[in-house]
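To keep things simple, chains are lettered A, B, C, D and E as they appear, and every chain counts its residues starting from 1.
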Amino acid sequence: MKKNAMIDRYRWWEVVLMYMGIALFLFFILAPFIEGFLVSLKPLGLLFSTPYKFFPENGSFKAYITMWESVPGFGRYIFNSFYISTIITMVVLALVVPASYAFARIKFKGAGSLLGGFLAVNMFSGAVLLIPLFRLMRSYGLLNTYWSMIVPGVAFLIPTAIWLLSTYMKRIPRELDEAAYVDGAGHFYILRRVILPLAMPGIIVVAITTFIGAYAQQFIFALTFNSKTEFMPLPIGLFAYFGRQEVIWNELMAASFVGIAPAMILIFALQRYLVAGLTAGAVKQ
Amino acid sequence: MGQLALSGVKKRFEKLEVIHGIDLDIKDGEFVVFVGPSGCGKSTLLRMICGLEEITEGDCTIDGTRVNDLPPVKRGIAMVFQSYALYPHMSVFENIAFPLRVEKRPEAEIKEKVGRAAAVLQLENRLHQKPGNLSGGQRQRVAIGRAIVREPSIFLFDEPLSNLDAALRAEMRIELTALHQKLKATMIYVTHDQVEAMTMADRIVVLDGGSISQVGAPLELYHKPANLFVAGFIGNPKMNFIPGTCTAVSPEGATVELVTGASVTVPVTAAGMLQGQPVTLGIRPEHLTQGAGDVSVEITPTVVEHLGVNTVTYADLEGVGNVSALLSGSADVAPGQPARLSFSAADCHLFDAEGQALERRVDSAMPIPAAASAG
Amino acid sequence: EEITMIVCGDTMDPIHDKYIAEWEAQNEGWTVAPEVVGWGQCQDKVTTLAVAGTPVGLAYVGSRTLKEFAEFGLIEPIPMTDEEKASYYPNVVGTVTYQGQQWGVPVAFSTKALYWNKDLFAEAGLDPETPPATWDDVIAAAKAVTENTDAAGFGLVAKTFDNTMHQFLHWVYTNNGQVIDDEGNIVLDSPEVLAALEAYKTLVPYSEEGPTAYEQNEVRAIFLDGGVSMIHASIGAVSRLQDTDINWGVANLPLGPEAKGPGTLLITDSLAVFSGTGVEEQAISLAKFLTAPAAQEEYDLNAGLTPLRPSPTIDALVEEKPYWAPYIEGIEYGGPEPLFTDYRAFQNIMIEMVQSVVTGDAEPAEALAKADAELKELE
Amino acid sequence: MPGHKSAVLFAWILLIPALLYVAAIVAYPLVDTFHLSFTDASLRKTTNWVGWKNYQKIFDTEFAEIIGRTFVWTFLSVSLKMIIGTGGAVLLNAALPGRAVFRILTMPPWIVPMAIGIFMWGWMYNGQFGMISGLLQRFGLSDGPVAFLAYGSTAFWATIITDVWIGVPMVTMYMLAAIQSVPVDLHEAAWTDGASRFYRLRRITLPMIFPAAITMSMISLISTFNSFDIIWILTQGGPSGSTTTMIIDTYSTAIGSKKFGEGAARAVVICLFLSAFAILYFQAVTKLSRRMTT
Amino acid sequence: MGQLALSGVKKRFEKLEVIHGIDLDIKDGEFVVFVGPSGCGKSTLLRMICGLEEITEGDCTIDGTRVNDLPPVKRGIAMVFQSYALYPHMSVFENIAFPLRVEKRPEAEIKEKVGRAAAVLQLENRLHQKPGNLSGGQRQRVAIGRAIVREPSIFLFDEPLSNLDAALRAEMRIELTALHQKLKATMIYVTHDQVEAMTMADRIVVLDGGSISQVGAPLELYHKPANLFVAGFIGNPKMNFIPGTCTAVSPEGATVELVTGASVTVPVTAAGMLQGQPVTLGIRPEHLTQGAGDVSVEITPTVVEHLGVNTVTYADLEGVGNVSALLSGSADVAPGQPARLSFSAADCHLFDAEGQALERRVDSAMPIPAAASAG
C-alpha cells in the first residue's frame, strides 16, 4: 500500500469499515448480476430447483454457446445497437453542441424558460406519446428503417444532453470569447476555434451518456416503429429469447452479459473522462 | 490615429446606473491610467470603450468617428485581459496569431508578424509551448503579443499585472513602458495599484463610484488632490486626516484649529466664508518628522515597521483615528513608546466640509519625498 | 401484391412457412410478408398498427380481442360454413363468435388438465395412482401433502397476470359456472362461481407461499422441482416432466359440486383479417388455407398444441399417448374466455377479485358481489 | 459577449435545429395528446369531443389514492437513491486501493437494458428459487420461502428497491463528481483543526455537495415519477393495485384498455403535477441553496 | 512553548526529491519568513511542518518532541491557507468556532472565545455573514480568527496576503505584525513578496530549489547576501551583476577588472587563491549615482521611471546585460540619452566563480538606502 499523506491515512478499523461499506454497496449493485450469471450457468432444466444454491452444481458455460444458435441474429442485434447508438450520439451532439453554446455563452431573453421547456420533454414518458409518434413516423415514412429508432431516440436524449453540456460550457471563462470577439472573431469562429476544443471533456461525457442511453434503453421505439428483424437493436434481440410461452432464461442471461460487454468495455476505457468531465461540469447548478 | 473622446457616457445594468456620465479626452499616443477602488466602474468603462459593453447613454468617439455601435475590431482597439484570456488549447504561436487567422491573412504574413511580436516580447523560444506551461510573466507577454499583432491604435489593459508577484510586476511594468515608447500607440490602463499608476501614466483618471474624481498627471494628483477622496487614495501610506475648524482666513492662508488643540495657518487660497466652518486638514505620513515643525502631535505607536531606509509607525490618536508616519530609517521609535511628531504648514492640505480641496500654493511638479511609494 | 402478416412468437413455424409458400404458389402475384413479434408485445403492436391506420393484412391474435376489434370495425368477419363449424371440437367456434358472426379463424388451441406428483402423494399417505376427481378430493389431498411432506399441496396462481383469471375460470367451468350467459348478461355472482372462490380460499393454506407472486409457468416450475403436488397446466408440461425423475400423472380437471361433466378453459388464438388493407379477400383466403384441416393438424401436432378438430389421427394420438386424453375430454363442457369490449378491465376486475380472496383481504361472497357489480358497470 | 442583436440572433440560429427537432418529434405528439384528452378516442373509428369528461372521470375513480401512492413511492425511491448514491460516492471517493475498479463496478445497472435488469431482480425476488429468499432460508432468517412480490407491502418495497438500483449509478457518479469538486484545502484546514474524517464528512462535504444533490434529486425525481418498466415487468401494478402508480394507471388505461382519451387526460394530469411540483421544488431549493452557499 | 527544529528534512514526491535536507531552528515567539522563487518548496516545507505532507526523511521536533507522525492538532499548530479555506456554507462565527466545535467545547466558552477573536480582528459586526459576502481583507481576518481561537503555539501562514491588492496587503501586514506582538506566538510565514519578508520577519529563510540558501535577519540578507542567488533575490530593483576577473588580493580587499574595462578594489575578505579567477561584482541600483565614485559606467537608458522622489532607469550594457539604477527624483536622465553612472567600492558585493559571496566588511544593521523597497 502506497504511503498516503497523513490526512488520507486510515486507521485499520476505518479501512475495515469502509471496505465493508463498499462491499455492501457493490453487493447491492451487483447481486442481480450474480443471480443473472448463476442463472446463465445452469442448465434450463435445473434452473428451478430448491433448496437455493449459491453455486450451481452442474454449472457450465453452455448457454453462452447455444445462445448464438437459438437466436442466430444476435450478433447482428449488437451491431445494430452500436450502429443506432453511434448515429444517435452523432445527431444528438450535432444538435446539442450549438444549442448548449447558445444557452451557456449568450445572454438572451427567454433562455431560462426555453431550457426549462427542453427539460420538460423528460416529464413525458415515451410510452404515453407512442400513438401520436407512430403517426408522425409514418407520415415521414420512417417506419421500419434504422431512422425509426434513431429519430425518436434523439429527441428524448436531447434534453439531458443540453443540460449537461451547457452547465459544462458555462464554466469556460467568459474572457475567452470576449478576447476572441475583440480580435474580430465572429460567433461561429469563436464557437469552432475557442469553445469547442475547450468543451471537449464535457462533450465526451455527453457522448458517453447519450451512447449508453441509446445502446441499452431504447426499447419501446424499436418495438413499435420497426418491424424489420435486420434492424432490431439489442434489447429487442434479448426478447427473442422469449419463446412462444417459455423463456430460455439461461440463454437470455448469457446474452445479456454478452450484449452489455461492449458497452462495459467502452465505459471501462472512458471512465476516467466520465468522472473528470462530470467533475468539471454538472455539479454546479 | 488613436485619439479617443468620451462624452456624457453612462452605463446602466438593468435599473442600476454604475457609470454616471463620464467626459474624457485622450490624446493620440497618451498613456492614461484609470484608478479607483474596487467596484468603482473601471472595468465597465474600459469594456464600453472596447465595445464589450453597450454604452447606455453618451458617445464614444475615436479619431472623430462615433464608434458606439461598432464592434471592437472596427474600432482599432485591442484589449489585454486581467486573466490574460489565453486559449489553453493553442500554442503560444497560435495564440498570438489568432487575430490574424481571424482576418485570414496569408500564412507568410502571419509567420512574420508573430515572429516580430515574439521578438519584441522575448517569446521566440516559447512559440510552440502551450500557455499552461508558461510562467505568469510569459503568459502576460503572450496576451500582449496577441494585442500587438493587430497593430491597433488603442490598447486597453484591464489590471494586466494583478495576477503577478511583486518582482514580476515591477519587471512587466518596465516592459510595458518600453513598449509604449516603442509603439507610440494610445494606451488605456486600468489598475488599482498606485505604483503602477504613478510610474506609467501620462495622466491618471481617478474614478470614484462611477464618476471621475480627478484627472491629472501623477505628481499633480499627489501634490494637489482635488478632494478628500483623491487625497486619501493617492499616496501610501495613506494621507492622515485631522478634523478641525477654520478660525480665520487671510491672504497667507486659512488658519485652522485642530481637534488636537494645535492651530496652524495653511497656505491655501480660501474664501472668507470658510471662517467658522469645519474643515479637514490632510498631512501625508512622509511629511511627519521627529524634528521641529509648525505643528506637533504626540503619538504612541502601536506598530513600527523597519524598512531599512524608512521606518513606518502606526498609532491611534484620539479624535483623529489612525495616524501613520514615514520616518527615516534611523528614527528612534518603538511600539508603545510615546513619540512627538511634527509637520510644517506648507505640507498641509485643506479640505472644506464637502471634502473639496482648497487650492495649495505649491508647484505640482515637485518630487515626492522618500518612499512615498513603498509597499 | 403483398399481404402483411404478424405472427406472435419467436420464429416462424416451419409448417406455416411451408403452407404460406404453397399458398403463394397457388395465388400468382401475391406474396406474404410475415413478421414475427415476441409474444409479449405482439397484441399491442397489432393494435397500434390498426389504430394508427396502417393495419396488417392478417394477424395472429388472441381470440378474446376479436370482440373489441369487431366492435370498432377494425376487422373483417370471416363467416364459416356449417360444415366448417362442425369440423371443430364443440365450443371452439364459440371462441371466435360474436353477434352470430365469426371474426377470426382459430389457429391455436389450448386446454388444461390436472397434474399430480405420485411420489408426494405416496409420501403424504395418499394413493399415488388415484388422481383427485373432485374439488373436495383436491383440497383433502393438498392438505395431506402440506401437512405430511416438505412440499405444498396445490400450485395456486394469483399473480397480477392474465393466467390468474384463466386458472380461476378452470374452476368456474368445472362447476358449471359462467361469467356471461348466452344472452350476454353478467352472471358472475352465482352460487357456482362463489363455490369456486371459496375453494380457492380453502386451498390457500395448502398452497405454495405467496400465490400472488406466481403465474402458471412459475407454479409449474415449482411442480417440476417437486415443490407442490398438484397444478393445472397445459400439455407443454409433459415434455418438461419427462426430463425429471418425478412420477407424475395427468387427469381431468377435478369437478365442483355442480359440474355436469369434465370441463376446462378453452383458449384459442385466431387469424384475424384487418379492414382497410385492400387485400382482405386474399387474407381471408390465406387464413382459411393455413387452417384447413390437414394443415392445421400438422401444425398442431408439430407445435404440441391441443388439436382443434377431431380426426382419426387424433384418436390414434390419444391411444398412443394417453396423457392427451384429459385435454380432449375437457373440451366438451369447457368454456371460452368471456368476450368483453374492455377485456383488460374485465381481466383486472377478475384478478383483483381472486387476489383479494387469496390474500384474505375480502370474503369470497363480498369480493364476488363487488366484481359482479364492477363488471356490470363495465359493459 | 454583449447583448448585441447579432449575438441574440446567433443564439437563436444555434438553437433552432434542436428546437425544431424537439418540437417536431415531441411537441407535436404532446399537443396531440392534449387534444386527445378531450375526446373519447378509442379503437373506435370515430372520436367525439367530450370536454372535461375524461378529467372528471379521473377524479371519480381511485385516482386520489394512486396519486398518493405515486408520491410516496417516488419520495421513497428518490430519497433512497440519494442516500445510497451519496453514501456510495463517499465510499468510492476514499483513497483506498481498488477504487478505480469499484467505480467501474457501479456502472452495470446503468448499462444493462432496463428490462434485463428487472428480470434479474424478478429472479432475486422469487420466493422459491430466488437469491434473497434462498439466502434468508440458508441463514435461518426465515423458515420458509418468502415471495416478495406476493404481498402489497413487500411488492411495494421490492419495486422501489429495483428502481433505486437502476438509479443509483447515475447518482453515485454525479455525487462523486460533486465530492471531488469540494476544494481540498477545506479538508486540510479542518483536519489541521483536528476534525475527524466523519466530522469533516458531516460538516464540510455534505453541506458543500448539497446544491449538487438538489439538482440531482430533481432530475431523478422526474425519471422516478415516470418509472414504468420496473413496476410493469415485476408486478403489473399488483397485487391488488398496491404498486399502481400514475404512470402504470395511465398505461393500463391508454394502452391496456385502449381508452386513448382517458389515458391522454391522465398523461396531461401527470405532466401538470410534475411541472407544478418541479417549479415549487426548484423555487424552494434555490432559496435554500442560496442561503447555504452565500 | 513554540520552539521548532527541523533536521535533515527531505521530501520526495514519488521519485522526485523537492526538499533536499533542511536544518533549521526556530525560537519560541520568533517570526520567521520563508521566501524564494515559485516552486522552490516553500509550501511543501510549511505543509510538512504542519503535518499535511509526510516528512520523507529527517525529523521535525516541536518543543523537543518529535512530531513527524502526529497530526496537526497534536502539534499545537494552526495554519492559515493562501486561499483562506473558509467554509462557504458557514457563517463567520461558525468558521471561527470550527476548531472549538471539533473539540466539543461548551457553548459558552465558544461564544466567549470567538467573541474575543472577533474583537481582536474587528469582525464583531460580521459574525453572522457568510464568507462569500466579505471583502478579501475580511476573509483573511476570518481565516486568522479561526487559527487564533485554538491558541496554538505555532502559526503557519502560506502566502496569506497574495490574493489581496496592494493597499489591503499593506494594511494586513500591519495587522499581522501587531497580532504577533500581541500573541507572542511563533509564526512561520511563507511569501514571495520581499516587502512582506523585510518588514515582518525577525529572520528570513531564503529557499532555492529545495535547499536553504541563507538564513538571517532582513538587513543581514540585504547587506551580506551569502551568494548570488540571495543577492539577486533580495532588493528591488534587483542587484546589478557585472562579470570580471580578480586581478589581485590584498588586505584592503580584492581587486577586480570588470568587463567594462574599469578596475576596482572591493573591501572584502578574500583568500589569495582568488587571484586570476573569474568573479562577479554586484552593485545595487540604489548605489549607482550620477555623482563621482570609484568606478563609473556609461549607459543609455531604455526606460526611465519617474517615481517622484526617485527615478529608476533601465539600460542594456554590453557584456553585462540589464543594468538598473535608482537615482534621485531630480536626476537628469531620459530614455535614449547617454548618462554616466558611478558607484563606490564600499557598496560592492563580490562573488566567486561558484556564486558564493566574499565577506564584506560592513555592519549588517546599516539602514538600506532610499526606495530600496519600492514596488
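Everything that follows uses one rule, which is that a residue touches a chain if its C-beta (ideal position, glycine included) is under 8 Å from a C-beta of that chain, and two chains touch if they have at least 3 such contacts.
None of the values given here were measured: they were computed from a predicted structure.
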item: Graph distance between subunit C and subunit E, where chains that touch are linked; value: 2
item: Chain pair bearing the highest count of C-beta contacts; value: A-D
item: Identity of the chain that, by mean CA position, is farthest from subunit B; value: C
item: Intercentroid distance (Cα basis), subunit E paired with subunit A, Å; value: 55
item: Rounded Å distance between subunit B and subunit E, as computed from the means of their C-alpha atoms; value: 26
item: Whole-Å gap between the CA centroids of subunit A and subunit C; value: 40
item: Residue list for subunit D, restricted to those that touch at least two other chains; value: 1, 3, 128-129, 145, 188, 191, 255, 260
item: Touching two or more other chains - residues of subunit B; value: 51-52, 71
item: Multi-chain contact residues (two or more partners), subunit C; value: 51, 221-222, 225, 227
item: Subunit B contact footprint on subunit E (complex, rising order); value: 38, 162, 165-167, 169-170, 173-174, 177-178, 181, 192-195, 198-199, 218-219, 222, 236-238, 302-303, 305-309, 312, 314, 329-330, 335, 367-375
item: Residue ranges of subunit E touching subunit D (in the complex, touch as defined); value: 50-52, 71-73, 77-79, 81, 83, 85, 87-90, 98-99, 101-103, 130, 132-133, 146, 150
item: Sites on subunit E touched by subunit A in the complex; value: 51-54, 69, 71
item: Contact set on subunit D toward subunit C in their complex; value: 42-45, 125-129, 144-152, 155, 235-241, 252, 255-260
item: Parts of subunit A lying in touch with subunit B, wherever the complex brings them together; value: 173, 175-176, 178-186, 189, 193-194, 197-198
